[in-house]
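There are two complexes below, and they share subunit A, which is joined by subunit B in the first and by subunit C in the second.
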Partner chain A sequence: MFSYAVKRILWVVPTFLGITIATFALMHLTPGDPSLSADGLGQGVLSASEHQRLSEYFGWDRPLGIQYVDWLWAALRFDFGRSFADGQPVIAKIGRALPATLLLAVVALVASLALSIPVGILSARRRNGLFDSATGVLLYGLYSVPSYVMAVLLILVIGLWWDALPFRGMTSDGFADMSPGQKVMDVLRHVILIAVCLAYRPLAFQARFIRANLLEVTDAGYMRTALAKGLSPGRALVRHGFRNTWIPLITLIALTLPALLSGAVILEVIFSWPGIGRLLFDSIMRRDYPTVMGLTVLSAVLVLLATLLADLAYARIDPRVTYD
Partner chain B sequence: MRTNGFATLLLTALLAAIGPGTAAVSADQPPGAQVNPASLSRVPPADGRDVDWDATVYRSLQGNPRTLSPIFRSSLYEFYIAELLSPPLVVWDEKMRWRVHPDLVESYEESDDHTTATIRLRPRLKWHDARPFTAEDVVFSWRAILDERVPIRVMRVGTDQIAECRALDPHTVRFTFDAPSAVSRENLGFSIVARHVYEPGQRDDPTLRNSDYFNRVHRNPMGYGPYRFVEWLDNERIVLERWDDYPGRRPYIKRVVFRIAPDANSALMMLKKGELDEMPLRATQFAGASADEAFGRAAVRAFAPRWDYVYIGWNQDGSNPFFNDVRVRRAMTMTGNAPLMIERIYHNLVAPCFGIYHPDHWAFETRVKRVAYNTQQAAKTLDEAGWRVSDEDGWRYKDGVRFEFTMLLAQGSEAGPTVAAILQEDLRSIGVAMNTQTLEWATFLQRIRGHDFHACVGAWGMDPDPDSGWNIWRTDQYDSGRNYVGYSNPRVDELYEQARFSFDYDFRRRCYGEIQQLIYADQPYTFLWHRASLWAFSKRLRGVRLSPRGIGNFYPGMLDWWVPADAGSIHDS
Partner chain C sequence: MIDATPTTPHFSERGIRSRFRRDVRAMVGLIGVCLLVLIGVCGPLLANRQPILCRYDGSWHLPAIVDVIHKLPFSARVVSKSRPFRYPQFDAKRDLPADAFALWPPIRYGPRETSASILEGPTGSHLLGTDDVGRDVAARLIHATSASIGAGLGAMLLAALIGIPLGGLAGYRGGKTDILVSRLIELFTCFPVFFLILAVMAWLGPGTGIAGLAVVIGLVRWTAVARYTRGEFLHLRAEDYVLAARTQGAGLARILFVHLLPNAMGPVLVALAFGVANVILIEAGLSWLGFGVQQPDPSWGNMLRTGYAHLEAAPHLIFASCAAIFLAVLSCNLTADGLRNALSPKLR
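After this line comes the complex of A and B, so read on.
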């Protein structure tokens, strides 16, 4: 187990290098540079000599390899540099955007699991019954609705017509003056609509996934044994059947989580949500290389970490899996 | 009277486009939102009795500003905020006339030879931390902006035309210009920062940017204007509050909340819900609002001409075999069906343009005749230019080269795709092949700056003084300016030079008028139309006027806005 973990961690190194080199090269080889980005006034007014002065200042006229090594050396010491856009440390910028994304990801993931697990089990238990067929149709239907369409629909109906929930940003205007309890409620009210948009497609997928996996195990010998011992079918399904769907489910979650944490650009734009996705999008459009690289490292580390943890978790969940 | 005539023409076109049901024509027929109703621009009673002095106004920003540092600012959003926190010493009024900021400047004098200008500051000016605002702050800021170690992008342009800036006493600054020019005084509007805040950090960080000290300073910008900074939540909102110690005119609105709402459709829903007091509208949103009841209940629309133009640029620097010939460029313009494009993109809200100035502009030359849409004439002109239709494949050729070019478009451009589609269709009918290539903005800019294109769709905003065309049209601006298409006309070069260094209004007007005629005759661009400012304002807002540059960047701008005391909050929820 231990040596497996070490081996896995060692593999992280080349993977990490590969990801960062690819991103770095892609970013710098894309035409345009930070002085030419979208929201700059007088884009064309910058004279050639001024442009040269800025290039030297930011160092984007040096050979790519040297720029990368410099970046890597600093990054290894957790120094991700300062944003080209405003001179703020990249870490500080990410730090300001991360809480919104984290909150959204956790709420969306918890909500989708909390619904998909019971729905998956129930529909497997009464396979092809009314509940199974109804949720099947509903979930496939949901799964095929793009989230930005759902977003507009929810904003229109719940946000505007019913006026039941806010659909803009993460906090109300008087947030600073609220009591802690009110603050929590305020943020939760703001997160609901966007979290629903982010969660319903994973929910549909997970529920059908759990159902399919459960159906695979219902005919297994140990299930028959469990039933023969006198367990109720429901209990057998949950206690014995469901445990065996954990492994694929954890893989699924491990791969979903980094995607959730890297931000959902379109939803964040529609809901004016101050998360990582918008920071990444703005930074790419502004050719803010240090911030883009910082965000790449963040999501690369998350993916690597999540898959590693998932691998290690298999052994905990399923005694048959050993890595020795 | 000509200007009024043009405005009427636009308004007629506008009303025709949005139908007779609009309240602008008959007040008894809602359902849609009114256009430019009298209530929107109403001035408050002189005693201020009906004004809600505690009102909060919710404004929209389409993106998160990069920085709120006055000297590093570079985008329009940043200017909207900066003009409230730290307004410049010289400003434009709503008719785009240059003037000194009346709250900040007591007197302005230019020497007889126009090489020096002396500004006397109002004596009671203070920074928001109560320290006095003095001439030394102005001098320090000028030095900082021009300091080679400070990586400033936009603010240096223009400020670098001031050769010397000196404090004569705590309230008097003298500026010296290299050469006497009619536009020198426009450059006095650079941003001013507090010396007592910046100087202590400068020793450790001469970039004024890359240190925790300046990060803090720029996240909490301090100014001397009518509003002070309260909070900035990235990608969410920026809050300003009226600063009651401001010695100048007191603004009516107490708090300004800038909501950062990047999606135009979401913003529209916020407006209808009463969460925004203003937002720019797209042409389709503007047209659609005439039948939208929810919109009509919450908001009104504002329409104002804008001093800019949309064009198709033809690269004539000799790198392609097509557009060096003025006849070819004229033929291209004849093929460009501007009225149809305006109908499709702008719902007939705007009119075709006559070259580089807006008809309301003082330099506009009425004798310019528009090249009309006429594909037959275009075909004949191309024949004369030697581009003849081949009997084999129906395309035009000259010296064995097929007339086939690529039009560059910037992604997200409102007009680009439609302009290209309509032109492509008509060009094909006369035997010219046009391809399109859409590029992300920074890439697009890099290509056109490098003159690496055949044709492109673009737009220029016009600075109030026509001298701003200097770096677009002069031959020597090919390498470092904005003359991307490689336009060259020695007479135009000469006229720009003469007009810049003259102080005779009539002479300058004649020069710039001739420039407009010459450029229109040369057709380096196909000039399409001037855009319009299309805006939505909540029904409770008063005192709103738009300048030819839109909602901001003129005096008094937002300082005139007010909310009637009985209007209530738009934000009852």
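After this line comes the complex of A and C, so read on.
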């Protein structure tokens, strides 16, 4: 376990360097110098002196290698420069946006797991039974509905026609004057619709995944033993069968994370949710390159760390895991 | 997202085909995909402001069929519409004599043709209503099909062109090549897909057309294809026929593409089919955000965007595009799933 963990952690280093190189290359190899574009940096084409000042600020006149090392060294200290849009440090902007996205991701993940685990177990219990077939068709259909389609429909029906839940932003007007309890309730009310939109596709996938994994273990020897010693089929499935689907499930959750982050871009824009997806979209529309680069690197590193944690957890749970 | 476990076909091609045919859901999906392609190609015959066939001024004209041909790039230089149908100011509905023979498409509106009825609900003349500048929603829906299907197929073709050779090489060669390619795949999967695509779009600008969009998506999405191909080739490289080919002096390209690829084609096709569904979803999402297909050209995504802007006044606008995106994604998913089940029929 220990040597596996060390090796696994060491493998993160080249991938991390790869992420930074890829992002840096994206910044430099794509056609068009950002400072020369007509709608970069506010309106109108930059004057020659302004371009000169900018290129000095970002060091465009130096060799690429030195630019990269400098940028990497700064990025390692979480210094991504200042935003082109409002001059604030990029890391401060990201720091302000991150909690909203994390809250959303956690709520969506918890909600999807809370539903997918019982649904998965129940449908595996009577394979091809009524419940299994019904949820199978329903979840399959749900999986094919893009989250933004669901968002528009939910906003129309629940937000506009029924006027039951808010769908703009994270807080209501007058949030500052609320008591702490009211504040929590207010944010929770705002998170419901967007979290539902983010959660139902992972939910559909996880439920089918759990079902398939459970069906695979129903023929295992330990399941027969559990049944032979008199455990009820349901209890055997939950206590003995489901334990063994935890391991692939953890990997699945880690793999869901990038989808939760990136699927959130459109949803955050639709729901005016002040998270990193919306920040990315706004930065792109304003051609705020330092912020775009900072967000790209940070989100990739976040995913890298999540997969690392999943692999380590996997090794901790399943003693059979070794490197290669 | 969809299960990426490689599946090795142990069954004959005929067995796979008959299992696929017996699978109702898979067949429904396949029929759906074929219909979408058909609608995408024949869009101008289904909704057009000019007739398919008509007699005008003593000669026969085929303006809508020329529109179909014009979907091919550069074809406008070879074939052009006959006079007077090539002039924008000629309105066939108004200017054709009432007694002249004319075979009209079922929907007599073009995708960019505006009218005075704005944000109107479904009526007899506009089956799905009109949008904010009075364009017929049904006509736009039909003409948007080719953008979505084209982006889906184009992006996955590019993904296949990158992913199959790279993944195949990694799986067949193993060793350092495999480590290198696998790291590259891992690197790409670290970036959330939408983030990466949007970051590239930041440099290309929102005006990037549908072709640019497909290229960007393909460049980002090749990893799934490469992963599948690598897994398959890793299994297959130990087969006797590979050894036989090698002893006969077959080159690397020959072994990869002539001997290995046909045997790994099933799982690779599964990855590609799921990929098409995913690209349709991404393309519509990007159009929704204002990238990709630009107005007045129609796409399901930008129709959804228009609909969202007038959500309260004209809810009918979103239903059509919502249904179209859903059905397209569902058809591709059903086909891909059916194909996977036909290849490895262990659990249903």
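Assorted remarks:
Please note the rule applied: the second predicted complex is superposed on the first by the 274 of 324 C-alpha atoms of A that agree within 3 Å, B and C clash if a C-alpha of one lies under 4 Å from a C-alpha of the other, contacts with A are read in each partner's own complex, and residues count from 1 in each chain.
The rule is simple: contacts are C-beta pairs under 8 Å (C-beta built on N, C-alpha and C of every residue); 3 or more make two chains touch, one makes a residue touch a chain.
Because the structure is predicted, anything quoted here is derived from the model rather than measured.
Of the two partner chains placed by the overlay, only subunit C lies in contact with A:F209; subunit B stays clear of it. When the two complexes are overlaid on their common chain A, residue A:T296 makes contact with subunit C while staying clear of subunit B.
Shared-chain residue A:G87: touches subunit B; no touch with subunit C.
When the shared chain is aligned, no partner comes close enough to touch A:S179: not subunit B, not subunit C. After overlaying the two complexes on the shared chain, residue contacts for A:I155 are found with subunit B and with subunit C alike.
Shared-chain residue A:S3: touches no atom of subunit B or subunit C.
By the touch criterion stated above, A:R287 is placed in contact with subunit B and with subunit C alike. On subunit A, the patch touched by subunit B and the patch touched by subunit C overlap at residues 30-32, 37, 152, 155-156, 160, 269-270, 285, 287.
Those residues of subunit A that touch subunit C in the complex are listed here as 14-15, 18-19, 22-23, 26, 30-32, 34, 37, 128, 140-141, 143-146, 148-149, 152-153, 155-156, 160, 201, 205, 209, 212, 215-216, 255-256, 258-259, 261-263, 265-266, 269-270, 277, 280-281, 283-285, 287, 289, 292-293, 295-296, 299-301, 303-304, 307.
Every residue of subunit C that touches subunit A in the complex is listed here, in rising order: 1-3, 183-184, 186-187, 189-196, 198-206, 277, 281, 284-285, 288-289, 304, 307-308, 311-312, 315, 318, 322, 325-326, 329-330, 333, 347-348. Residues of subunit A touching subunit B in their complex: 30-33, 35-50, 53-54, 57-58, 82, 85-89, 92-93, 96-97, 152, 155-156, 159-160, 163, 167-171, 173, 176, 268-275, 278-279, 282, 285-287. Residues 56, 63-64, 66-67, 69, 72, 74-77, 79, 148, 151, 153-154, 156-157, 207, 209-212, 214-215, 218-219, 231, 233-237, 239, 257, 259-263, 265-266, 269-270, 272-273, 275, 294, 439-443, 445-447, 449, 471, 479-482, 484, 571, 573 of subunit B are the ones touching subunit A in the complex.
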